[in-house]
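Can you read through this structure? Questions will come right after.
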Amino acid sequence: MPQLPADLPELLEQVRADVAGRVGAGKVADYIPALASVPGDRFGMAVATVDGRLHGVGDWRERFSIQSISKVFGLALTLGLDGDLLWQRVGREPSGGPFNSLVQLEHEKGVPRNPFINAGALVVTDRLLSVTGDATGAVLELLRGETGEPGLGVDSLVAESEAAHGDLNAALGYFISAHGNMDNPVRSVLAHYFRQCAISMSCGELAWAALFLARHGSLHDGRRLLSEVQAKRVNAVMLTCGAYDAAGEFAYRVGLPGKSGVGGGILAVVPRLCTVCVWSPGLDEQGNSIAGVAALERFADLTGSSVF
Amino acid sequence: MPQLPADLPELLEQVRADVAGRVGAGKVADYIPALASVPGDRFGMAVATVDGRLHGVGDWRERFSIQSISKVFGLALTLGLDGDLLWQRVGREPSGGPFNSLVQLEHEKGVPRNPFINAGALVVTDRLLSVTGDATGAVLELLRGETGEPGLGVDSLVAESEAAHGDLNAALGYFISAHGNMDNPVRSVLAHYFRQCAISMSCGELAWAALFLARHGSLHDGRRLLSEVQAKRVNAVMLTCGAYDAAGEFAYRVGLPGKSGVGGGILAVVPRLCTVCVWSPGLDEQGNSIAGVAALERFADLTGSSVF
Amino acid sequence: MPQLPADLPELLEQVRADVAGRVGAGKVADYIPALASVPGDRFGMAVATVDGRLHGVGDWRERFSIQSISKVFGLALTLGLDGDLLWQRVGREPSGGPFNSLVQLEHEKGVPRNPFINAGALVVTDRLLSVTGDATGAVLELLRGETGEPGLGVDSLVAESEAAHGDLNAALGYFISAHGNMDNPVRSVLAHYFRQCAISMSCGELAWAALFLARHGSLHDGRRLLSEVQAKRVNAVMLTCGAYDAAGEFAYRVGLPGKSGVGGGILAVVPRLCTVCVWSPGLDEQGNSIAGVAALERFADLTGSSVF
Amino acid sequence: MPQLPADLPELLEQVRADVAGRVGAGKVADYIPALASVPGDRFGMAVATVDGRLHGVGDWRERFSIQSISKVFGLALTLGLDGDLLWQRVGREPSGGPFNSLVQLEHEKGVPRNPFINAGALVVTDRLLSVTGDATGAVLELLRGETGEPGLGVDSLVAESEAAHGDLNAALGYFISAHGNMDNPVRSVLAHYFRQCAISMSCGELAWAALFLARHGSLHDGRRLLSEVQAKRVNAVMLTCGAYDAAGEFAYRVGLPGKSGVGGGILAVVPRLCTVCVWSPGLDEQGNSIAGVAALERFADLTGSSVF
């Protein structure tokens, strides 16, 4: 049984030292100007524990664009508010392909492989929009509530930039709609999708906000967002589908449920114990933070916290 | 060398009699209400000859929605006005797949396989829009000029219906745009694409309007729209790519350059001799008119006009 | 932290009762006569614990064709004997497609997605053959050693039947060879592959034989087959890739590393605690035992042993 | 109506002069040593007319490995001897992909797209083997009969080399067999396939041997191998599928039914008029002779013999 060391700050310092050589490696996401301008040499890491500790190292208080990490919160909210009906509209299988691919979507008639590829997240957003009337607002409310940071919000510059360069996601949305798997207007769903991706948070805030997954569904105030089974299953989907088409590699090296974003962040869950969030903008070819994956691998090794 | 019989009306009557059993077979296009309401028992056929004759049989004077047949005129105009630069943005190979597939487009990074699949026609429309400022207007002007029918126009009901059910084409358009192969706003290109597809013409008008392809590029008044080489090449693309993913079958059975539309029309060219247009709304699984293909096959057999 | 109940036999009886309605559901594998003749109403389940207990229920002592479960032992042996070089020749990503698909193999130039699809297992077998000179013999030696059953062996009737109906695997083998990823003659590799699949074992024997995965690499006599990190990683690959193209579903419902076979067996690992093997021949469309998956899901729920 | 000039030798000289700059361009096929050793600077061209003339230029009397050009003769023979049943086992559509691809074959359950991709030619060979008992012998008999060259034969060195490097074709064969579309043992079919590809002929011999296609099915002695309709249809398949995944390009530029081989030969048919064979070993990326395509394009332009 894995246990966290008493001296978490020291552990984090060690991880940071061990992966220092990887910081700056890879390529900062450049498909929108707002992301391209982020300095590649940043590195932050934070751990939040189910017994209430929060520690960080490096740039762990600096906010960054959470991008696809938002998909975890959107999925959890939708399942929590609306139950398992969602799974009739989106699958739970690893895609075996890039996160923005249309090929599989065509073979499978508009039912995305899983909720963490872009197509799947669009379907989740569509459902959350139907259920709440304001998908972005609902996600922000969850994040603000769990972190106690009412100032958390969308970086409008990033959101607009996403929209301006969003043709590929638009193609996905219209394709899904063409197959009858979209209830709201594609434009509205896209707008909410882009805004959720453009939320800015720090490693500390993300780790804190996601603790309900380590607590198997319970929010900070004891209310349940998800049942225990649902929470385990969100973790399962994170492990099998959370790192784009490198999910197998991530499971192999890190062995934890995780979700990465092209902003350079990765959120990981150690069930029953803690959450870990790491951020470093240099990405590998699959869009995962190079220093981030290395840090999580090192963390899992040092703490024995791989689920395997 | 094939020759047309002196008694074309008799020939057409024979073809009609021979394929009468096929009229009504298949399924009328039903993806938009405006097309679904067309009676399935219609059959019309017309031949226009380079020496100036025009004969028809059955419902050859009844207008129908020309749909993808419009792609021939859009392509010819664009090549005629703008030359061969178009081929840097769209290929000339049979697609080996359905006309609205996204798969190939993804493999080939937004460069459509050929100008007769929907994706390719969107690129052609985009270019024609850039060159003329009004792609639909330019096509209509060509059609009106060649037929001498100033009343030819777009069926607005069909065009709006196409737009309302156009998510799949929108997906194609945004995907192409995402790959940098679209100069105008996707919405504008789509609007022009839908309007061109919604042009109403009769068999007689289509056969007459397309004679420039049998004349290797010369319009009715002797002006050249295409060079001889260009015209031959449009015919070649029609033969290899004109019948969706049944182009090989069409070449095998009919042996003529042809272009079909889901409105049930098929336009065929006998180089140096004539054009033939047939219309019957019942479609096979590939979207080609069942009685239409049978009629063209019979016509080619009776006249020996297969190019092979 | 999951714990096994003191009364394991009672637990197993409960699981059996809870899934009794699923036994007989689905379709017994019928691609070879030797498998098609297995009665569909069989159900057996066994648990082997790291502290040395072994309990079973139903037909847990009846031997069946382990089929793809053999891939786990082949992989573990190859990694144990030869180290991580194998990963240069086979990936670790879920395939997102059927276990015998050639499509992905073509896209990825003969490097199979993971060691648990047939193509990947052929590469593993090829390497094991190079390393040991007798791949089947090496696997049998491991199985006999861990179970203490010297009589374990290959069902020759099944092996011959596999070979006689093995054209698809032959196609995979020659394709891999065409891409230079096969060192031994394709025929030899195929023969060993078919023989490994045709090994007969019972649930009890399989659970017992696989305990080294729950013990993170240590064999029954304390020797190490795999390092701790390697063993965790084999578990990770089982979780992400072990249930064909239903691996995500398996992770979602069961939450344990597992490997299924078309003989109806499924082997699962609860790290640090136990192994579970279930057998019931009725398969779902993805080739996984219907009652088997249900039993493992129930087991994981009752014991809280999901890794998530 | 195209006509051949009286002075064919002069025409051929002009074509040769016009494409001289292309000879040597591209890459000689190097997948087997026996082909890699052919000098890249060869160029030969021959025309055989339905009125009995045969003229050539350059290395038109030098024999080369006909490779995939053999597929034309195998197809014609099978259709001639066995009728149209073949089309239940192989399609007539352009593949839209490389000649040795397995992807499409998987999507279409072992029914090859057309008889000119390798998979399709294996099915044709299988059928010809069933019908004649000796597929290679039957093809050779046809070729010897039409050319009057009893010495025509298989280059055993090439055939053995093909077999030794034939894993990809073996994969295709076993895959087809796995789908029940192969009557003879895969090994036998492969052996005949490799031997047919390894037949050596000169441009003059090939043009002469193929004249029955320009004569719409009649052999040199007046016997019919194919009906007129069948012959036209073989020509149609050549046009739509004869140049691998550059068939559309070939139709666009040359406008004649043609079949290329990786030995650098291309055979083209001008219906009712003549056959043309050109040979130059330098290939483009699709496997078609660069100087060969250029020469045929020039020939078609000078003679106006494009079918379009």
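Residue numbering begins at 1 within each chain, and the chains themselves are lettered A, B, C and D in the order written.
Following the convention adopted for this analysis, contacts are C-beta pairs under 8 Å (C-beta built on N, C-alpha and C of every residue); 3 or more make two chains touch, one makes a residue touch a chain.
Keep in mind that what you see is a predicted model, and the values were worked out from it rather than measured.
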Requested in this report: Walk from chain A over to chain D along touching chains and report the minimum step count.
Outcome: 2
**Report entry** C-D or B-D - the one linked by more C-beta pairs in contact
**Finding:** B-D
Query raised in the report: Among the chains, which one keeps its Cα centre farthest from the Cα centre of chain C?
Result: B
**Report entry** chain C-chain D separation of Cα centroids, rounded to whole Å
**Finding:** 48
Query raised in the report: When the centre of a chain is set as the mean of its C-alpha atoms, what distance in Å lies between chain B and chain D?
Result: 32
Query raised in the report: Each pair of chains that touch: what are they?
Result: A-B, A-C, B-D, C-D
Report summary line: Interface with chain B, chain A side, in the complex: residues 101-103, 105-107, 167-168, 170-175, 177-178, 186
Report task. Sort out for me which residues of chain A touch chain C in the complex. Result -> 1, 91-97, 104, 113-114, 229, 232-233, 235-237, 239-241, 245-249, 251-253, 255, 257, 271-272, 301, 306-308
